[in-house]
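As written, the chain order gives the labels A, B, C, D and E, with residue 1 at the start of each chain.
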Amino acid sequence: MIEVEGITFAYTPGKPIFEDFTWTAGRNEAWVILGPSGCGKSTLLSLLAGLVRPQRGVIRVDGQLLTRPRPQTGLIIQDYGLLPWATVRENVRLGLRIRNFYGADGIHAPRDYQPTLEVEPWLERLGLLSVAEHFPGQISGGQRQRTAIARTLVLNPDILLMDEPFASLDAPTRDSLQRLVLDLWVERGLTLIIVTHVIEEAALLGQKILLLGHPPNQTAHVIENPDFLHPEYRDSPAYRDLCRELRSRLEAL
Amino acid sequence: MIEVEGITFAYTPGKPIFEDFTWTAGRNEAWVILGPSGCGKSTLLSLLAGLVRPQRGVIRVDGQLLTRPRPQTGLIIQDYGLLPWATVRENVRLGLRIRNFYGADGIHAPRDYQPTLEVEPWLERLGLLSVAEHFPGQISGGQRQRTAIARTLVLNPDILLMDEPFASLDAPTRDSLQRLVLDLWVERGLTLIIVTHVIEEAALLGQKILLLGHPPNQTAHVIENPDFLHPEYRDSPAYRDLCRELRSRLEAL
Amino acid sequence: TLATPAEKITIRVALLPILDGLPIVVAQQEGLFKKYNVQVELIPVGSAPERDQLIAAGQADAMINELTSVMFLNKETPQVQAVRFARTATTDQALFRILAAKGAGIQGVSDLKGIAVGVSQATVIEYLTQRLLEQQGFQAGEIQMVSVPKIPDRMALLASGELKAAMLPEPFSTLAEQQGAIPILDDTVAPEYSFSLISFRKAVIDQHPQVVKGFLAAVEEATQRINADPQKYSTLMVDQKMVPAPLAESFRVPTYPLKGVPTADQFADALAWAQSKGYLKVDLVYSDCVNPNLLP
Amino acid sequence: MSRRNLLLAGLALLLFWQGIAMIIRQPILPPPSRVGVVLWEEITRGALGVHFLASLWRVVASTLLAILTAAPAGLVLGQSKRLNALFSPLIYLLYPIPKVVFVPVVLLFLGIGDLSKITVIFLILFFQILVLVRDQAMGLRPELVLSVRSLGAGRLALFRFVYLPASLPAVLTALRQSIGTAVAVLYVAELFATQKGLGYYIYLNGSALFNYPAMYAGVVAMSLLGLGLYFLVDGLEKRWCRWQIVS
Amino acid sequence: MSRRNLLLAGLALLLFWQGIAMIIRQPILPPPSRVGVVLWEEITRGALGVHFLASLWRVVASTLLAILTAAPAGLVLGQSKRLNALFSPLIYLLYPIPKVVFVPVVLLFLGIGDLSKITVIFLILFFQILVLVRDQAMGLRPELVLSVRSLGAGRLALFRFVYLPASLPAVLTALRQSIGTAVAVLYVAELFATQKGLGYYIYLNGSALFNYPAMYAGVVAMSLLGLGLYFLVDGLEKRWCRWQIVS
């Protein structure tokens, strides 16, 4: 359960991105955030991840005030943030090494955390085994993106914040990763918040869709999409209608 | 006219990305390159831009051997390569300043180049005026991508190489930029080579589609798409068929 | 005799802020150099290495140094020649003194046996330490020395007791004594070993002997003036920063030696010492290093 | 660097100094209060101001000279693997030599004036800056270079538009280091053929006159000289490296 | 650094040296051939080897000490704007003070053994490394820090997993600079209460005995000492900064 209560946030004084903005995401919901470029999507994820603090208002996760990154929240940022001096495998291991470094203290790692450095299954699942020893400077854009995804997934998060996680992936890979994320969502009861630009993707991944507009964002426009998991949804008129609606609302902004 | 003749290229010895690869793109054609992540699309663009040299074989542009970047070729790389110490406006001006620096010597700038630093129209056209004084570290992903596009377009290239240029843009912006690029293509007789992952985009932008597979790439698989500019193409069965074909060919790789 | 130099040259003297230079400064200030028709420029230097660098680079023509230094400079070809004493120890006026640290338990000379004395290696200080201790009946193995070339370092080490004993030149030995160190032995017991010299580059002597003569005549007169009324020059001595500040009030202007150069015996002894130490592997000729012919 | 912090740092230093002085109780480390009195006297009645100005000029001249030669050289070496491979053995052979031993040679060629002092400081700074700027330029992200080359930049334009601005922070770091080193080196360079300069002043008072309070007044003046120049560099950084501060 | 280039550099230096020596024709700059002969004699028959080892130990000890203290301190300051604001005035006040004037004070506390010599070199290196590493750590891309914080890293883990490896190249640069400086500083640090070390050797032969060929033999030995250490650092770089070399 994520509660955003009346937050105001601005990078430069006087031009707030969010102004008295309130929004709630329930536990185990799958959200998609959609909006024009520069509207504040990445900013919202940073706020939810606890990386930046709102100037006013509060954010609560599971009832607790968010003041610093929670160990169980996974975030994939837009430009990946891979360590240039570490290989793909080391990058994927990074989160685990940080947890091992602190031990299961409940602040930096969940209380029930079992130390491990096992990442091979994830490398395999994301097709990274062949470049596991490469440095970020030596792999393709899609490989970087998958490294960033793997790095977050190994940590077994209960909230997953993803900033355009599939933007650089080819269609089949993208499909399979979308399926992977949805599977995890179902299996593990994740709360999923995905930023995307692709309307079709929004319709396929979002149980609920949060629409942001040009800053300052003052109200949360939410569109429900209850059937999104239905096996034939992709070919249904409901899907096409939703896509059309999203497109027209975006164009209207 | 771009001629790729029997090139072999490998980053690490023994694992070539291209092997005896031959392919030709005619003047004023619009190409899309499609292929799985890590197949060598970005590499091919670097080769065409003259930034890396093949170990074997040659690349000719307009009959001339390509040994160094041509001033009339515009390239937008996957992670933008914006100068972190320059504002958006300065970044967009960069190419012009380089040309002014050398003067119209035919090597670094076209012979008929007229010195200028005028970039405002492009900033406006790409919606960057409001962030023109920001540094790359202070703008959103989509704004960065648009800065990279603007930086290349101000140079008025005759060959435009774009590596997933619209990946981080919201749907309406993406549509309008796609239209912009196609307009330029028609008006100025550009040769257009666009890498994309989105099958629908490939079908809408590609007069011809080059399909790359897992390395080593030995033959160029080309799919023709002659009707792509037709106004109602997006709703035609031909479009849907092409998308389906592309999807299945990608999945078969 | 008034010298009349053939050509006009300016003698550049590299001058350390030490007492030995007072006659030269007086000669300059009181117009004696002009009187003897020589032009002199005083170039201040901070320490002996800088002085020697200026000489080596030909940027200075004359200096105040020691016999060992002259010998080392002339080891291959004669470069400099000593032309006059600058200062000498006498039976009642010390130039150098061995002091013991407060609380080191050294009361007299005999306690120095086996104690490492802080010296500046390969200089008159080491030579003198050796000769003085030998003269007091020390055997070879009983004389120990440790190299601390800079005077402030030596003083600090002595004050802290890190060094149990050190050889210091005047007026620094007086200063150390003021700060609690105990004087043990000084060169009044054997003044023949202890002197400093005015030296010229040999090239200058060869080309302009008359100028050098004029220079020395002026120094001679200055020396006489100082010796006649030392206290008249005490303010000059302090102004010229030749004595440590804490001694500015109390220190007396010393008596300066009249014209003279080291004897062949003095030279031979210093040479023998340098050779015995391995500092010099060649033989040197007295007349190459000391030139007595320019004195007034 | 706020005024408050500067004051705090100054106070802390004075306290520390006082503490040490009280522990060792020796003339070689007088307490700050005595030094303060002497400092004031030497400024108002003595010639400390003249010494300060002489040193300032030498430090500024040699630092500028060193930056203006070593930074471009470092950029060129950092840019070209070939040149670097060729020159780095030379650098590595020359850097560790104490430049002080070359003083006589410098004197031979340049005489005893200010030029030779500036040259000595310059020689010491040159290699330090060179190595720093070179290493920084070598660490540049290759995609930046590629993207700018694709805009038509050759070696020269890359130098001007990428390597130069990318190395500005390193150059400023080099400048900071150089100021520290240059001021400290005064102590060596101002020992010959001059009666002006803080190096000379400190040496004279410390090593010849044993006037320790005056010597420490000189040390304080040196420290202030460095501090003033640091303020200047921080000002330059605020101007030139706005992107690093903002983002 | 290939052997060929090293040879080339050595040869070029020798030629240059010979040229200068032939121009000035003065004992203060003997030609390389003479120095070579003396060098060989001093190594085989004299004690140059002992001096070399004594200096090597001092340089290595003080450099290690300086790196191990200054690099972490620099990292911490580079990481925390607050701490940096607090401490930089202190650094800027202390850096420009010539550490040589503290020799007597150091001697008081640490005696005349190796420790005081190592401390003097250490004091000189400390600030140089501190400023470099701090500036480098400050320049880190903020998105890297954010992304790693989102993986659960607090201050300590950020330090360990981001700032430390990100600063390794800077630390290596600092190491290179330090070697150069440390070797050069031997000339000052080995002047008191020792009869071993290249600094002592050069001073004795150059400033007391005027045995210039032997002095230059010492200078050459110093240069070689530095060179050897540089090889070590380049080796470390190949190991630790593989990513900078590969990509």
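Here are a few things to note about the model shown:
Everything below uses one rule, namely that a contact is a pair of C-beta atoms (placed from the backbone, for glycine too) under 8 Å apart; a residue touches a chain by one contact, two chains touch by 3 or more.
If you want to know which protein each chain is, UniProt gives these names: A, B = ABC transporter domain-containing protein; D, E = ABC transporter permease.
Since the model is a prediction, treat every value here as computed from it, not as a measurement.
Chains that touch both subunit B and subunit E (ABC transporter permease) are the following: A, D.
The chains in contact with subunit C and with subunit E (ABC transporter permease) alike are D.
Seen from the Cα centre of subunit B, the chain whose own Cα centre is farthest off is C. The geometric centre of subunit B is 48 Å away from that of subunit D (ABC transporter permease), both derived from CA atoms. Taking each chain's centre as the mean of its C-alpha atoms, subunit D (ABC transporter permease) lies 16 Å from subunit E (ABC transporter permease). With touch defined as above, residues shared between interfaces to two or more other chains in subunit B number as follows: 79, 84, 137-138. Multi-chain contact residues of subunit E (ABC transporter permease) (touching two or more other chains) are listed as 26, 28, 104-105, 108, 142-143, 206, 244, 247.
Shown for subunit C are the residues that touch two or more other chains, namely 53, 56-58, 150, 152, 155-156, 160. Residue ranges of subunit B in contact with subunit A, taken from their complex: 11, 34-38, 41-42, 78-79, 127, 131, 138-143, 146, 163-164, 167-174, 197-199, 246-247, 250-251, 253. Those residues of subunit C that touch subunit D (ABC transporter permease) in the complex are listed here as 14, 16-18, 43-47, 50, 53-54, 56-59, 150-152, 155-156, 159-160, 172, 175, 179, 241, 243-246. Residues 1-2, 5-6, 8-10, 12-13, 20, 24, 26, 28-29, 85-90, 92-101, 104-105, 108-109, 124, 127-128, 131-132, 135-136, 138-139, 142, 169-170, 172-173, 176-177, 179-181, 183-187, 199, 202, 206, 215, 219, 222-223, 225-227, 229-230, 244, 247 of subunit E (ABC transporter permease) are the ones that touch subunit D (ABC transporter permease) when the two sit in their complex.
Of all residues in subunit B, only 46, 49, 51, 69, 71, 73-75, 77, 79-86, 94-95, 97-99, 101-102, 107-109, 135, 137-138, 151-152, 155 touch subunit D (ABC transporter permease) in the complex they form.
Listing the residues of subunit D (ABC transporter permease) that touch subunit C in their complex gives 26-28, 103-105, 107-108, 111-112, 190-195, 200, 203-211, 214.
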